[in-house]
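Look for subunit A in each of the two complexes below; its partner is subunit B in the first and subunit C in the second.
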Partner chain A sequence: MRKGRPFLEIFTYALDEDYRFPILEIFAFLFALGTFVFADFAPYGQTEEALAYSLVSTLCGFPLLFIFVFLILKNVAYGLGGDLEKGVMQTLFSYPLKRRYILTAKLLSGLGIAVLLFFGIQIFGLFLLAPDVILTYPSTVFLTYAAQLCSPALLLAGLVLFFTLRLKRGGLAVVIGVVLFLAGLIVSGFVTSIAYGTGSDLSLKIWAVINPNSALQIYYYNMGMVGFAPKTWVPSFSEVLLYLGAGYLVVAALFVVGYAYFDRRLEI
Partner chain B sequence: MRWVTLLGRIGTVILAIGLALLVFSLIPSGAGSQYGWSQPIGPEQYMLEELWVYSPQTGLQISMESTDNVHVYLLGVSPVEHDNWRTLLMEAYPDSDPHLVMFIYSYTVPLLFFHEAYPEQPFPDLFGPQTQNMVWNVTVLDKGLETHPEIILWDPPQGSTFSHELFPEDVLNMMAVVANPSSNTVEVDWKVKEIAAVASKDRIIVAARLLIPIGIALAIPWLILRKVKRSTF
Partner chain C sequence: MSLIQVEDIAKSYGRVVAVDGLSLRVEEGSIMGLIGPNGAGKTTAIKIILGLLKPNRGFVRVFDEEPWDNPDIKPKIGVIYERAFFPSRHKVFDYLKRVCRIFGKPESRAREVLALTRLEDAYDRTVKALSAGMLQRFAVAHALIKEPRLIIADEPTSNLDPEARRELLDLILQLHRDENVTFLISSHVLPELSRVCESVAIINKGKVWAAGSLMELSEKLGARTTRISTDNPEALGELIRKLEYVNRVEVDSRGVSVGVLAGEDERLYEDVPRLAKKAEAKIVGIETGTASLEELFRLAVKSGQGEDRR
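Here is the complex of A and B:
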């Protein structure tokens, strides 16, 4: 048997489990409706590039991002956790396939399809709402989506993957993921207050590694603010890229830990 | 069978997206923010109100009434150009006075017009009546608009009642200007309302009309197969 066939078998099985009719359709409906309902053209920055950033940010604002993160957490935690609890994973391990490929097939379904669906609808919506934004500032649009995808989406997915494998229970891992998502929202408010209060930008920089979108946000919102000395840290564009890279390194590290645990330490 | 399932699920997703667009197109546009104010304008003086940044999707509806004939303009400056002008003014008036910085930030266009009209004139007393009269003089405005005619978006003839709706073609910092050319003080009442573009909704309806039939066409074979399969087992 060719190596690709068992991989495809597991991938198809995961797709069936993660997106039973009409789960995929409900999420597609919510993503599409939310994209248009939450689109806000009110600019918060001083330049057209900042306007592009603020528009894309509102498109993937809190309610929609929460639904997207919930879909990912549901797929990663319930998809894997359910298989571990019900003993399906033992059957999957009997396939002539390395463990890491089994996990890849599961993640490709749970994470890859969700990301494809969400960002596909977002880009389509952006083309309908403001084609000039996406055509004039493709790099700003790409960077904003890359930052939003890094954290909270992929960061939480990496953490929940590890918790699911460790706890062997999907439900608890989803709860932890949702709590972490909400905690992140609260912390982002605190971080700015701490920076203002102490006059030190350390808290902002640490937070920018965990959530690179915060660095991007400060960068764009301060763009074109001539004459006013910023009260807190304002990163340069190269620093923003650096923090985005660091954010993805953290995410990659989490997934490496998850893969290593699944590959070598997971006992069923 | 697998191809029918794959195409069917793609079809149902497209249908869901099309239905979402249809639902959105039925939601009435929300009324934007609205604000108004009254202001006296001295003889041969003008006033400028920075409105906000507007785009082809977010326009404004402006209405105004005055006690005598006035000249009204709607001006629009691209944020980049606005920034360049601020930088130019900062360099022209290298004063660290925070009030001046604030003034440059809030009234970039009037100060640029003033600077162009009186390039050698410093700011002896920013809030003194003499400086204020010079900055807000109608002659300075006329000279400024002659130098920068490209920023005029709307220039109706003189009158005492005005109403206009405008969607800029680009993202622009919009300003409303009222010039009082008479020798009497006039009282001006303003109302500005933010309005959302309907054009994007037209595009959404077209997209919905396209997606829904495609989605149905792709989904039907899969849905039939699914039903047949269920009734068989």
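Here is the complex of A and C:
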């Protein structure tokens, strides 16, 4: 028996379950529509690089980001949690595949396709709307997408994965995911206020580890992007990269915890 | 060779002890039944054997390997749960074809198992459109795809109508006879279990209270029943009840059914003529038989208040 075959079969099964018609089509339509509609709302920047950041972060900001996050929650929390809740996981565990590969197949379907769909449409849209931006500032475009993907998308997915495995209830895990997402938005505002109120940049730095996009945002605000940003702390470009790396480490740690729990502790 | 070896396993959920010191062996080519009251620990034991739960202590080997997260033993084990769990949106035949590909079997195997489980008419139905009985048969088909050497079934006949139950039991006997498939079957339907099982393990309060063939258990538990046919059952029954080695006396209009302690059958045969004379009863016939599984089960539930009689 070829080892790869069971993995591919479980992966395609997961795709069938996660993206049955017309779910993928509806989300693709929403992403495509949103990409072109919200491009007009991008604020101006005093420099072209700041403008590039502004355009990309607007495109993958709220509400498109919420649709993206909701797709991830639907697939990771509701899909995986539903399999645990209904007992389908017992059937999957009867197949000749290590637990970690079953989880990988489920996450590749739940996260991988959502990420490809979202960023595929966005980058294609960006090429149509502002090809100069991608061609002139590819690193800015890449960094902005990387920061947005790190947090909230992957960070939330890692947290929700753990809650889903612990609770074994898809619906409840989705609710927790939405609450965490909204809490993140509220905390983001608080952090800026605390920085202004206390004059200390500590809260901003801590938040930048969890949400590296905030460091990137401050960096580009300082470069001349029009908008409201704290002046208590302005990271250098290398610091921004450091915070982005730290953010991905946090995400990786969350997924390692999820995998370890699934591998060694999950009882059904 | 033991396909399943379980030694002194324990499993608790918080303060609730589900399994406590359970030991079990299932030999290759046997059909073993697992019986016990609700909450006895049968399903927990089965889940530990399947590697879905980790025991708090003890030793478990299936095909001589640790079952937890072990893909190597999966092609050898077919599983039938009390409630079947499958991705519900898939079509019956499509899903079984996928399972064939997973286990490296030709797709014709999917047709074979559908025919074997009388699901030919459900080829194009989605799994969620199957009735409870059909879903159970689908679970059997799913378990058979890989041509397993061992089938573990937790209440496999639940949800099945009498005809389908009979067919499933026939299928179990056929697989056992023709392909030497080993079975571990947990069930509450004791007459069915006694029809197919060569040996049983009675579980109560999380441990095996007794295990062996029906004959061995009857002897070990003193559950053999001697039937004495007489014209004066009331008087004879009264006298037999006073014998110290008798643990059960049931009187009806035609005779007396007597259960004695293990190894005391001969004494009863010696005492009956004397007591019949005293009771002025005429003995028409006397014979001793194996206790039914129901009687053994009743004994386990009644007297097995955590006591290990092995």
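Basically, the second predicted complex is superposed on the first by the 254 of 268 C-alpha atoms of A that agree within 3 Å, B and C clash if a C-alpha of one lies under 4 Å from a C-alpha of the other, contacts with A are read in each partner's own complex, and residues count from 1 in each chain.
In this section, a residue touches a chain if its C-beta (ideal position, glycine included) is under 8 Å from a C-beta of that chain, and two chains touch if they have at least 3 such contacts.
Since we're looking at a predicted model, the values are computed, not measured.
Peer 1: Could you tell me if A:F36 is touching subunit B, subunit C, both of them or neither one (first, second, both, neither)?
Peer 2: Touch status of A:F36: first partner only.
Peer 1: Give one of first, second, both or neither to describe whether A:E25 is in contact with subunit B, with subunit C, with both, or with none.
Peer 2: first
Peer 1: Using the superposition on chain A described above, determine whether A:G87 touches subunit B (first), subunit C (second), both, or neither.
Peer 2: second
Peer 1: Hey, is it subunit B or subunit C that touches more of subunit A?
Peer 2: Of subunit B and subunit C, more residues of subunit A lie in contact with B.
Peer 1: State whether A:F237 touches subunit B only (first), subunit C only (second), both chains, or neither.
Peer 2: Touch status of A:F237: no partner.
Peer 1: Based on the superposed arrangement, let me know which partner A:F62 touches: subunit B (first), subunit C (second), both, or neither?
Peer 2: Neither partner.
Peer 1: Answer with first, second, both or neither: which of subunit B and subunit C does A:Y196 touch in the superposed model?
Peer 2: The answer is neither, since A:Y196 touches no partner chain.
Peer 1: For A:A130 in the superposed arrangement: first (subunit B), second (subunit C), both or neither?
Peer 2: First partner only.
Peer 1: On the A-aligned overlay, A:K98 touches which partner chain: subunit B = first, subunit C = second, or both, or neither?
Peer 2: It touches subunit C, and subunit B stays clear.
Peer 1: With the touch criterion stated at the top, can you tell me which subunit A residues are shared between the subunit B interface and the subunit C interface?
Peer 2: Correct list for subunit A: 12.
Peer 1: State the interface residues of subunit A toward subunit B in the complex, per the touch definition above.
Peer 2: 12, 19, 21-22, 24-26, 28-33, 36-37, 41-43, 45-48, 50-51, 117, 121, 124, 128-130, 132, 224, 226-228
Peer 1: For the complex, give me every residue of subunit B touching subunit A.
Peer 2: Of all residues in subunit B, those touching subunit A are 2, 9, 12-13, 15-17, 19-21, 23-24, 27, 52-53, 55-58, 78-80, 82-83, 86-87, 90, 101, 104-105, 170-171, 196, 200, 203-204, 207, 226.
Peer 1: Which residues of subunit A touch subunit C once you look at their complex with the stated criterion?
Peer 2: Those residues of subunit A that touch subunit C are 1-2, 5-6, 9-10, 12-13, 16-17, 20, 86-88, 90-91, 93-99, 263, 265, 267-268.
Peer 1: Which part of subunit C faces subunit A closely enough to touch in the complex?
Peer 2: So the residues of subunit C touching subunit A come out as 47, 50-54, 69, 71-72, 74-75, 77, 79, 81, 83, 85-87, 89-90, 98-99, 101-104, 142.
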